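One structure, pasted below without further comment.
A, B, C and D are the chain letters, set down in written order, and residue numbers restart from 1 in every chain.
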Amino acid sequence: MSACRTDELCVAVLARLIGDASHVAVGNASPIPGMAALLAQSGSGGRVRVSMLNSRRHNAFTDGGRELFDCAGQGRIDVFFLGGGEIDGEANLNLVSVGDPERPEVRFPGSFGSAYLYFTVPRVILFREEHSPRVLVPKVSFVSAPGTSPDNVYRPGGPAALLTGKALFSFNKNKKQFRLESVHPGETVDTVRQATGFEFDTADEVTNTPGPDPETLDLIRGPVAREIGEAYPQYAARFVRI
Amino acid sequence: MTTEAVVPGVGELAARIEDGASLAIPPDYSNVPLAATAALIRRNARDLNLVAVPTSGLQTDLLIGAGCVASLEAAAVSLGEFGPAPRFTDAIRRGVLAMKDSTCPAIHAALQAGEKGVPFMPLRGVLGSDLIGRRPDWRVIDNPFGENDPILLLPALRPDVALFHARRADRAGNVWLGQRRELVIMAHAARRTLVSVEEIVDDDFLADEVIAAGTLPALYVEAIALAPGGAQPLGLEGVYEADRARLVDYAEMARSADGFARWLDHFLATKAAVA
Amino acid sequence: MTTEAVVPGVGELAARIEDGASLAIPPDYSNVPLAATAALIRRNARDLNLVAVPTSGLQTDLLIGAGCVASLEAAAVSLGEFGPAPRFTDAIRRGVLAMKDSTCPAIHAALQAGEKGVPFMPLRGVLGSDLIGRRPDWRVIDNPFGENDPILLLPALRPDVALFHARRADRAGNVWLGQRRELVIMAHAARRTLVSVEEIVDDDFLADEVIAAGTLPALYVEAIALAPGGAQPLGLEGVYEADRARLVDYAEMARSADGFARWLDHFLATKAAVA
Amino acid sequence: MSACRTDELCVAVLARLIGDASHVAVGNASPIPGMAALLAQSGSGGRVRVSMLNSRRHNAFTDGGRELFDCAGQGRIDVFFLGGGEIDGEANLNLVSVGDPERPEVRFPGSFGSAYLYFTVPRVILFREEHSPRVLVPKVSFVSAPGTSPDNVYRPGGPAALLTGKALFSFNKNKKQFRLESVHPGETVDTVRQATGFEFDTADEVTNTPGPDPETLDLIRGPVAREIGEAYPQYAARFVRI
């Protein structure tokens, strides 16, 4: 494993989580998932289709704002990324507010498409770089999108994993619980537990999150970083090194 | 048919938006009518009921900060990479804005119901979200085609007015929107549509089948006003980039009421100068 | 992305439409895939469940006459100015075609439900029509947002395959459809979409924003086959006119099974010659 | 009144019925209503908007096949034309079949958009040139679209008039009955009654249907006939005389 920054590690891990999906969509304001999608596409020889809302080049939608959602409703999107102002141990997401919604202490921008895409996209990957008790809470103050649903609720989709700047969790929807799979360089199960506001399961063997191999890191710092510049000019500079 | 649709300026558009109207507006990345928004603020519009299609940013924050807004339906409000929308956030925290939180596909679907003239539209997902408890206008029913299969129904949205900015109109009032088809649905669903444009050209957009494919017909357009730079300081795809420095300034200054007032004064002065 | 979408010919499209499939097809005035229809007849397709979007003519009449059709959902079937569709009319009168009579907006709305991934779509009107009594798959409910306000619900249509002819595709599989947006909805709603085209060009339709506005992205397209003249003897807007003499012949000859067989033989021979 | 053919008379009468509508739509295979719409537009100095499905020039729709219906659902279409294989005295329309629908004696093409537009367009003008007991029946064999609806049914639209090659009727939706308003040249109340399969009311004074004045007839035979040729080439020849 090469020495790399946490954001570069996240790009590599998210790309692995995308795996061999045939269509991955990336919402607005998601440069790291966007880079991960481009990396996964590159690794698949172009077979992974990427629809990135911020991009013109990597965005085949032509039917206006509803097309992403309709496309997901048709079952044509395999992977999407969501985050949240708060995420709790049952994978509930809060993108609205903290405290009494009528007079909240904190107001986030709003739910965007989370309340829909969390249900309709088979593999939703949760990504939030900040890993703190403020974000990873025991119980969200407002449920924008629930992590699980009763059996009778139509729900082909849901959370598959949670990646932060400290660790990678998988999600077990029957137990309604995250499981710590690996910790990033410099972290331990204990430091992760301290930074996490919710209870979680741990894998029998919590590994160190594998970073990108040198070839992958070159891709991230080279073609992928340059390519993301089209959609996120301010981000490219942060990554381009070669 | 005629050039009756062309009116003298964005002031005339603003004059056609009554206090208390429900007003559909586009997301920050698409055709934001900021010159017309300045005109609305200048005419002291009050009690607007904004419908963001499906999100909004600077436009909504300006209207809230200037005291024009009674209620807001949106899936999100933010300045995107520039940060939270300060006047929106402040108004919510002070409890002075009637907020109808929604989710993007719900707003699209409700407008499609308006477009089709049906009273509601079903939508998958959302069940179990706290959004539902705060939306007494939404209903959950058992899918009549299923069994023990709850599904959300959204009442149709038919805003009084749709307002947006576009690159080009022809003299008949046809407006080219290209792939921005959320604006087409918005115009179909709204009772009246007002558009500011960068330019008004002599071609007939409907005569060229390639242009026509991206054109909103004049049939849906009540009035068009020429407003070059009408989306600035936001960008307009293919025409100009966002003025990032002014947006950074806004995100910083609008955190206080005073700073907002100073930014707004400058904005209104700039817009008045070109109007 | 790739050119994998391009297949050798309409025979390959026909091979991908399984017996028993539900097959969405366009109205007679728009992009009718007659070369592909000849290929379907040649491969002896059976038990197709046609969905006309929302009406059909020659294509449906040919498929019925050739024994390919089990059921048909349509708002109407006719040869337009050339008269009734004779094989359709004959099959209905003999009671050998499972006919699901509908009305144009019901088919559009049901496809929009398919496009949105919702189980149904409401539609105004239709109440009191005998159509409803013959559609056990339709439901009338009381509008949950009204009172004593009955409204029709249509179950979503998600055809197995959408098949149509278009003027142009690019090598990535993007298909330009212009204003024929019923075909866009058809492709979104169908599980798989097969397209024959007049030409395949080197441009990238998505790179040009004006072309892109009328383009169905490759994302929805499973296979494309080159088929110049693929809508003949019907016309293709902007490319060729209908061959009126052959259509007059058809309307006359197809009134008898023998006459139909003779016209069909000639049609298949013509199509085989160019395929 | 100038001497004119029945079809020319029908164009003139339909144009009068369109009146000062702001938007009149014309379906497929409707050349005479199409000419009437163009005549009404011409008479209004272009103020009447005409959407003719068969036409490219007189058709502003750009959103595919559903736009006509959505537009009607929005309340943006004031006048539409419908016909029928059978029309009965309560203005019910049959565009499907005669006899047992499973094994019908006669099969018509189908309902097209009638079951919807008859409800949503405020003024639907029924037009069928053939005026015979075969078409104008006591009771339609199949109701494609009902002439009237119970009060609780959402129905901003419905039948306003019925024009045939012999006469003009208005429709009273409370009485559910047509009323003979005028008879065309050569017809009388009795000849119309004989040719009509249903009962109808008669106006206090049944007039002769006024034909087009010379200027209007010139318009029909000149610019309007030439203009309809774009949408219905085979029809233009029948009308163009000047």
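As a convention for this text, contacts are C-beta pairs under 8 Å (C-beta built on N, C-alpha and C of every residue); 3 or more make two chains touch, one makes a residue touch a chain.
Source: prediction; values computed, not measured.
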Approximate Å spacing (C-alpha centroids) for the pair subunit B, subunit D: 40
Intercentroid distance (Cα basis), subunit C paired with subunit B, Å: 36
Approximate Å spacing (C-alpha centroids) for the pair subunit A, subunit B: 29
Residues of subunit A whose C-beta touches two or more other chains: 61-63, 69-70, 73, 120
For subunit C, residues that touch 2 or more chains besides their own: 109, 112, 116-118, 123-124, 149, 151, 179, 184, 212-213
Chain contact topology (line, ring, star, complete or other): other
Pairs of chains satisfying the touch condition: A-B, A-C, B-C, B-D, C-D
Subunit D-touching residues of subunit B, taken from the complex the two chains share: 1-2, 114-118, 174, 184, 188-189, 206, 212-213, 215-220
Subunit B - residues contacting subunit C, complex: 109, 112-113, 116-124, 139, 141, 143-146, 149, 151, 153, 155, 177-179, 209-214, 237-238
Touching residues (chain side subunit A, partner subunit C) in the complex: 23, 46-47, 49, 51, 60-63, 69-76, 120
Residue ranges of subunit B touching subunit A (in the complex, touch as defined): 27, 29-30, 53-55, 74-78, 80-81, 84-85, 88-89, 92-95, 101-106, 108-109, 112, 123-131, 134, 148-151, 179-185
Interface residues, subunit A side, partner subunit B - complex: 28-29, 61-66, 69-70, 73, 95-97, 101-105, 107, 109-120, 142-146, 149-150, 152-155, 234
